[in-house]
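A, B, C, D, E and F are the chain letters, set down in written order, and residue numbers restart from 1 in every chain.
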Amino acid sequence: MAKKILSIVDIAYRATLEEQDDTTLWFTAACKNAGADLTLLLTGNAVNYAVKDQKPRGLKFGKAEIPHPPHPQEDLKKLMEKGIGVFLLKEDAEERGIPSDSMITGIEPISRNQIAKFIDQYDLIWHW
Amino acid sequence: MAKKILSIVDIAYRATLEEQDDTTLWFTAACKNAGADLTLLLTGNAVNYAVKDQKPRGLKFGKAEIPHPPHPQEDLKKLMEKGIGVFLLKEDAEERGIPSDSMITGIEPISRNQIAKFIDQYDLIWHW
Amino acid sequence: MGKKLTLLIMDPPYESPNSTTALRITEAALRKGHSVNVFAYEGAVSLTFAEQKGHANPVKGTTLEQEQHPLPKEMVAGLFEMAQGDAKLNWVNCGLCVDERGVANWIPGPVRGGPGDFIKMVQESDNTVVIPTK
Amino acid sequence: MGKKLTLLIMDPPYESPNSTTALRITEAALRKGHSVNVFAYEGAVSLTFAEQKGHANPVKGTTLEQEQHPLPKEMVAGLFEMAQGDAKLNWVNCGLCVDERGVANWIPGPVRGGPGDFIKMVQESDNTVVIPTK
Amino acid sequence: MGNNLLIESRDPFEFQDVQQFYDLAHQLSQSGHQVTMYLVQDGVFAARSGAKTGKFGDLAKAGKIKILADDFSLEERGILQDSMASGIQPSNIDHLVDLMLDGSPKTIWH
Amino acid sequence: MGNNLLIESRDPFEFQDVQQFYDLAHQLSQSGHQVTMYLVQDGVFAARSGAKTGKFGDLAKAGKIKILADDFSLEERGILQDSMASGIQPSNIDHLVDLMLDGSPKTIWH
């Protein structure tokens, strides 16, 4: 049976402009496409990936461009459409002053004191 | 007149094994050799570079080796011999439980509340 | 009359937001008519590596052409094109850092150098900013 | 009877202590007769780049020969030499990560692949450890 | 008295020493220096009005230090102007270049 | 109940979330799991007896979690065995490999 995997994404906005996406969200999506049984938990900065209003401008360096800067909130929506459950650590969002109504819908908050129990449901933990 | 430069080294043990030295200490030494007027302040993890007993073993990967692992305390001594003043942030060493008698001699401790005044003496601050 | 700014960068391509910010600062300074010295130390020497190439994105479902994957070498080339007249771009790749990474085949523009070149830049500049890696 | 360990690494050469620790784990596992799968993602694909070369160290005053500068490609080659008999080393470089960095000229041993290969490794392994970058 | 430009690129919720960088700004200002702090990249996470950023709130309220936040980094993270804490002004990279080169302030990147 | 292997590579004085990783170890142990924590790289900065590492001290004292520290990382940093806090055992990479492969514990690297 396929192993149940929890992908915890903690580090965000790393080289997202050069990549035009977040490499760990990208990897999670690619693994799901390859048949993995995956769930996603956002912690740390990465809770901000749930914010609706992320709108980076394209950048120009003379003739060179970053034409398609990333919109992680859209990537999260696509992950959910693929059937990946997306969760976020409530306290990390609160600490950063991110109101829940500023986030896209469909993401389930969990509390820090539930995390051991939450992790217990999975066979493997990838902590990025 | 040569600019007076304060090099604040904060990040330590980064890729020191692959490099066989610390790249910011190395850069500081190389700039001094090129005629720069430099002073060094160790903060964060880098206060541990003053510890006498650092003794990494060489490593082997089959036939490949890291034959000369770094000894930052020796590099600090050489910097002082070149006439570079070396300081460290006292509170950062205390917090990490590093007793002063476990450190090499010649490094001057300064307090966090003196740091603005300390910085004031330099034209340029390189914060690594 | 343009001024002179020196930046030291040390993050490899595709690893840190620092690279993009440093290129944004360089772009803005050149556009305003200032000269910029960039000293690329450690991983940052790979920013100008000529063998970088774009790729499609199977997750987004984009082709090579649609994805227009950004290549740091092209951004640096774009900055060199901007550097006309008095607003000069002087880009030095740390030679020993290049050797250990094997990235000596770089785009036209940058030159090989070392800490001595950086010190010269620092002495003749109106400001110097060291952008450390984490 | 050897077991099977899968590691995912993503730090570039000369940038993080994670690389050295991951190679130490791989070395110990092979020595103990286990098989190891390494999936090199992002910057870690440059660990096996064949064009890396050593250098003298002017600060220490060592020559090229004295310095014996470590090259990650040689460490990985050393691990491949160790992988004899049942203790196998399977090293996959993420292809898209290779393209954007221009490091396709790698030492003998590693193969090109993608997330699908990683998932296969994960399913057949006794344990998988993802070693993230900071 | 000198002119100081402090550039904070790090997330105050991730790195412990961001608080010390805020402290440094305070100390420099107390000793009579003119201090400008420019928040960029993850440094702008301090800019949300509801963010629990410890000493940063006091710095912003005291108003003795000019605190600017990179507009690109704000937009990238969806931090809208009306959700920003008082005492912080949106700014941009062109202005940062002016700040760096106008009067050659002592500049520290963190 | 499960078997958990937590690998802490980060400096508790640099990264705020190291405390949360200690907390996770505590929570897992409280819910009846067997927990081993292996400190490596800068993670071993928590091992000095005089280090002010917050929740880590309580974890080590409580003794419900097995805490190991990588001997190479200790030697590299000059942390001698007689300066280590009680409740922490020096260990080595060979043993870490055994831990990873013996019974396939749920392994989390931080």
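Details
By definition in this document, a contact is a pair of C-beta atoms (placed from the backbone, for glycine too) under 8 Å apart; a residue touches a chain by one contact, two chains touch by 3 or more.
Since this is a predicted model, take the numbers as computed values, not measurements.
Shared contacts of subunit C and subunit D, meaning chains that touch the two of them, come down to A, B. With steps allowed only between chains in touch, the distance from subunit B over to subunit F comes to 1. Taking the mean of C-alpha positions as each chain's centre, the chain lying farthest from the centre of subunit E is D. Of all residue numbers seen at the subunit E-subunit F contact, over half occur in both copies; the interface is built from largely matching residues. Centroid analysis (C-alpha atoms only) places F farthest from subunit C.
More contacting C-beta pairs link the chains of B-C than the other of the two pairs B-E and B-C.
Remark: subunit E and subunit F have CA centroids separated by 35 Å (rounded to whole angstrom). Subunit D and subunit F have Cα centroids separated by 25 Å. A straight line joining the Cα centres of subunit C and subunit F is 40 Å long.
Within subunit B, residues 10, 13-14, 17, 30, 33, 44, 59, 124, 127 each touch two or more of the remaining chains. Each of residues 13-14, 17, 41-42, 72, 107, 109 in subunit F touches at least two other chains.
For subunit C, residues touching at least two other chains, in rising order: 13-15, 17, 24, 27, 42, 57-58, 69, 71, 114, 128, 130, 132-134. Touching chain pairs in this entry, ordered by label, are A-C, A-D, A-E, A-F, B-C, B-D, B-E, B-F, C-D, C-E, D-F, E-F.
Residues 13, 17, 44-45, 48, 51-57, 59, 69, 73, 92, 94-99, 102 of subunit B are the ones touching subunit F in the complex. Against subunit E, in their complex, subunit F makes its touches with residues 13-17. The part of subunit F that touches subunit B in the complex is made up of residues 11, 13-14, 41-42, 45, 48-52, 72, 75-80, 83. If you check the complex, the residues on subunit D that touch subunit B are 13-17, 19-20, 23-24, 26-27, 57-60, 67-72, 74-82. The part of subunit A that touches subunit C in the complex is made up of residues 13-21, 26, 29-30, 33, 59-68.
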